[in-house]
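Multiple structures follow.
Consider the two complexes below, in which chain A is the common component and chain B and chain C are the respective partners.
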Partner chain A sequence: MQLPKSAQWQLALPLSLFYIAFFAAPLLLLIGVSFFNDEMLTQPGLGNWRRFVSDAFYWKVTFDTVKLGVYTVCATILVGYPLALVYMQAGPRTKRILLFIILMPVLLSVVVRTFAWIVILSEQGVINQTIMALGLTSTPIRLLQTELGLVISLTQIEMPLMLLPLISVMARIDPNLIDASTSLGASRWGTLFKVIVPLSFPGLIAGCILVFASSTTAFISHSIIGGNRLIYLPLMIWQQTSVLYNWPLAAVGAIVLLVSVSLCIALITLLGRRSMRHLYV
Partner chain B sequence: MNPHITRRQLLAGAGVMGACAMFPKLALAQQGSATTAIYPGAWEEAYRGIVAEALRETHGIDLQMQPLFAVDQIAQARAARGNPSFDTFVLDPGPRVTAIESGLFDTFDASRLENSAHLEPGMADEHGVPVAAQFVGIAYNPNRFDEPPTDWADLFEEPYVSRLGLTGFQTTFGTVSIIEMAKAFGGSEENVEPFFEELQRVLPHVATIGTPASMPSLFQQGQCDIMYTNTQTVGTLRARGVDIEFVRPASGVITFFTTMHIARGANEVDNAYKYIDTVLSTPVQQQLMADPYFMAPVNSEVDLADLPLSDMSEIANMVQHDWSLINPRRAEWIERFNREVAS
Partner chain C sequence: MSDKTSLKHLPSYKSLADASYSACIYTVAGLALLILLGPVVIVLITSLTDGQTLRFPPTGLSLRWYQELFSARSTPIHRAAGNSLLVALVSALAAAVLGCMASLAIARSRRRGARVMDSLFMSPLILPGIAFGLAALVYFTMIGFRPSLALITIGHIVMVTPFVLRTTSASLAQLDGTLLECSASLGATRWYSFRRITLPIIFPGLVAGGFMAFMASIDNVPVSLFLSSPRSDMLPIRLWGMMESTLDVRIAAVSGIFIVSVLVLMLVMERLVGLSRRLND
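Right after this comes the complex of A and B.
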């Protein structure tokens, strides 16, 4: 059914109004707050922007946040893509079971999930107990409160965001194309990289964007699993807002987070489009 | 009495219930209510079970709770600009001073509390009243060390330092513990530089640096075996079967009060006083001190079985801190700690 133009914008109106009231307006306020020098918001100025930009510590925090997102995206692709391939080939019953397993992390409360990772990664946790029982090491490996531990846990936590778009796109790949590729003499790896991967690009890009945006802003995981040795922008924003009451500097941090995450997402989208254009030309 | 309900009675009853649902304020007004901010977790649980029940029984008042940490209460009250969403604050000394400076409290009138007679003189002031005491010292796992630590400086020496769990200045217990460590190395309430110097020396060996809320879990999981904390956390962990002992540092146990305050612009001031009065009553304080909540009382009638003191007057000899000296420097310390421990 083709709706007339007027009906189209009317349908979009409720959500637009909601976004203007609860997203655009607060965002403008946030930008406004960042241009104050003092905590009581009385002296306008660029003081907090200058402070953020001139301090190597904040640059490192921003860089670490983006790096964490990139690592998590890479890890979810490495672990998730093979699972998506299994899902594509599986029968309906296995598909249902797999889908349930994929959705599991979303069904758990974030607090339970985060504290469960403490139990898994700690020095007396499951991983260390296993490694030590196998005789691979005599002293426990430090996993909790390291970037590696955080990436491991975020990979599990963010996995559904990678897999759901990926499997929905891969399920639509015409099996005849794979058969055709094989019968025309492509090896299994050739079929994977020349047929399946390019066709799954739209799902892969959507997954990368979701995982990146979610992992760089996962405040609870950052603070509980990462601990205080690792500082990322969300933790810095929280501390400036709630502990130090310096809202202008928190606003600067929030805008930097928004801009850096948006830039990375734009980059991922651009790369994805380039690859797809290359594919169809 | 006729046990049958006529259609008219049923309709009338349903009508009243419907009206109550449409106008919730009306329903509460008949009974009365008070809204309080409360620390999430053990406090929320204890107050829901013990205080809310007692308040309903003695005054017929319904207690509404908003779980918020101290800093979040201040942030929310400041953002609300004179129209707070709760009637009473519950705060530790640092945030208390911040709130006083920001003018977030109504003047407190302790004479409106029947139970103020059970408090040590001078406890209540024009800002608020203490409702619980906290005792902070060193906690360690007795199975992991041959000798218990004796004082704050021990935390920075082997075998303790490589099993130490550190947390920064963002909480009251963290701040006062670090100040005591700084004092042990020659610092003071205004100068924590000696602590930072020692921290740089031992940082690579420290077992874990966590957020305050995660410290009990990290201890329970064996990620660290020695930390600084309050007697309440030690009691709770021990009740869950964790091997943990509280040590009174040689320089003395640190103490501070958790206080309650009436928010400026509160809706239900009378009920808020009744709520605070209920919190201070002897049976409620006694129940709050018992397993599983272990909240140290301020009411001198309460029997102090498991606490590191025998009489409330001993508090005067414990280590206390001047938050008007600490607060102006705290922001800088928090940031400094973050930077120094960031890998």
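Right after this comes the complex of A and C.
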């Protein structure tokens, strides 16, 4: 563009100031608050960090949160990838309908999506009625307040975040490459793993990052489907803040969540880059 | 294509493998569609029940829970919905203005500074919202503000601006720089060029981003969870409270309204700005 650079930079100023004042500053203050020993924020110290690190309960909560994210990522890939393949090879009309179906849950409130899973997973819910009618079990199995139930519901809630980047990358794959692979004698499985998967890797990584980030902070789903039996970091942070009024410990929890999510995302990116280099060379 | 090749040969290992490929992919893709759509359909049907419970399928159909929802007994829900709509409208407008300006400044710049700003602006999409929600509560309390709709709006603007930035930047990438050069060399002012050239080109992207920002604000939990109070109740938080205590069937009716509104809005946005195309760049 021919516009003077200075004029263009000024346009980013309002949002920059807004983000510094209301995004960066609060997060920095949060770090500060975590270094206080008491709820009234009068004695600086490492007390709450020590409490968090020395208690096996908090380690387990952190580990469970990351584990939940990993499970959800794996489930969304397993269930979502084939749908992305079907989308890639579908005609324009089918594509539009599929895209509509994928987009709708994104726009639908998380509360509504979570509520739907209560109706489905409860003891008189759709799943239990179905398997009891099929005679697979005589007593209803417990799905609410279990990790399995939570992963099932998060799979639906987060799947669009996996599918959207995936299908936009897959749409750019040259169909000739797939034809070439087939005519050179590769089976369709071979074409999938040697051509399509490597070429769709950037979308897959973007999807993994979005799903991981979103599922580890999905407070409503954690608290409604997981109940109080399963504690994840967001729930712990909220309890410490609004029930126990212990801001410093809540701040420690929030920073641990922030750091562990950021580390996992960095790891996903790194692994993704590594394997891409390996695949393309 | 591949079907023809497999027809020419006798059934072989490869055609068996290809058949297993189709069977696997289509089964799982069908499952994915079922998982995406099933809950929505189930909630919609459940909301029409004439019973007292969330049993599916319902014993009989009626609109009693919708009547209940619009009766005076549901005033707290109406107030929360009004607050949510107001905050979403203001947040989306502010995000559209701030996001549009910022993307004009950074989208076409190759400078390092622009890349850094871009990742700062996009980070609310990835960083755990719950950590930011707590940080905002701590920050606003310490500088002496009481929870209010204005503070919630500020928090929402931080969370939803990335949606505008993403779609607007994608539209800007399609803008031919020479158009602006022509306009400038013919004596147009920068503001005139923006109004007559840039804005018409990025407008659909801007509207799609604004729409996503609006929906994200309606759906926002992490910020509202920490900043809402009995005086500034937000819809998702109220619904969460209703789900936590008793399973009120009115939630199904609220969900039904949500589903229908989202469907209508999606169709309208698809007509107006080609929503699915904008989000799939």
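Some observations on this one:
Definition applied: the second predicted complex is superposed on the first by the 266 of 281 C-alpha atoms of A that agree within 3 Å, B and C clash if a C-alpha of one lies under 4 Å from a C-alpha of the other, contacts with A are read in each partner's own complex, and residues count from 1 in each chain.
The criterion applied here is as follows: contacts are C-beta pairs under 8 Å (C-beta built on N, C-alpha and C of every residue); 3 or more make two chains touch, one makes a residue touch a chain.
These numbers come from a predicted model, not from an experiment.
Bringing the complexes onto one copy of chain A puts chain B in a clash with chain C. In the superposition on chain A, A:P82 makes contact with chain C only, not with chain B. In the superposition on chain A, no contact is made by A:S215 with either chain B or chain C.
In the superposed model, A:F57 lies in contact with chain B only, and not with chain C. By the touch criterion defined above, A:T72 reaches neither chain B nor chain C. Of the two partner chains placed by superposition, only chain B is touched by A:I231; chain C is not. Looking at the superposition, the partner that touches the larger set of chain A residues, chain B or chain C, turns out to be C. With both structures placed on the common chain, the touch criterion links A:N246 to chain B but leaves chain C unconnected.
Within the superposed three-chain model, A:E123 lies in touch with chain B and out of touch with chain C [touch as defined at top]. Residue contacts after overlaying the shared chain place A:S223 against chain B and chain C alike. In the overlay built on the shared chain, the residue A:Y19 is in contact with chain C alone; chain B does not reach it. For chain C, the stretch among 153-161, 171-179, 207-215 or 243-251 that collides with chain B in the superposed model is 243-251.
Shared contact residues on chain A (touching chain B in one structure, chain C in the other): 115, 118-119, 122, 124-125, 223-224, 241-242. Residues 57, 60-61, 115, 118-119, 122-125, 144-145, 223-224, 227-231, 236, 239, 241-246 of chain A are the ones that touch chain B when the two sit in their complex. Residues 1-3, 7-12, 14-16, 18-19, 22-27, 29-30, 33, 78-80, 82-83, 85-86, 96, 99-105, 107-120, 122, 124-126, 129, 155-156, 159-160, 164, 167-168, 171, 179, 182-183, 187-189, 192, 209-210, 213, 216-217, 219-220, 223-224, 233-234, 237-238, 241-242, 247, 250-251, 254-255, 257-258, 261-262, 265 of chain A touch chain C in their complex. Only residues 1-2, 5, 14, 17-18, 20-22, 24-29, 31-33, 35-40, 42-43, 46, 53-56, 98-99, 101-102, 104-106, 108-109, 114, 117, 120-121, 124-132, 134-139, 142, 154-155, 157-158, 161, 177, 180-181, 184, 190, 215, 218-219, 221-222, 225-226, 236, 239-240, 243-244, 247, 251-252, 254-255, 258-259, 262-263, 265-266, 270, 275-276, 279-281 of chain C touch chain A when the two sit together in their complex.
For chain B in complex with chain A, the residues that touch the partner chain are 69, 71-72, 74-75, 78, 98, 166-168, 170, 208-211, 213-214, 217-218, 221-223, 331, 334-335, 337-339, 341-343.
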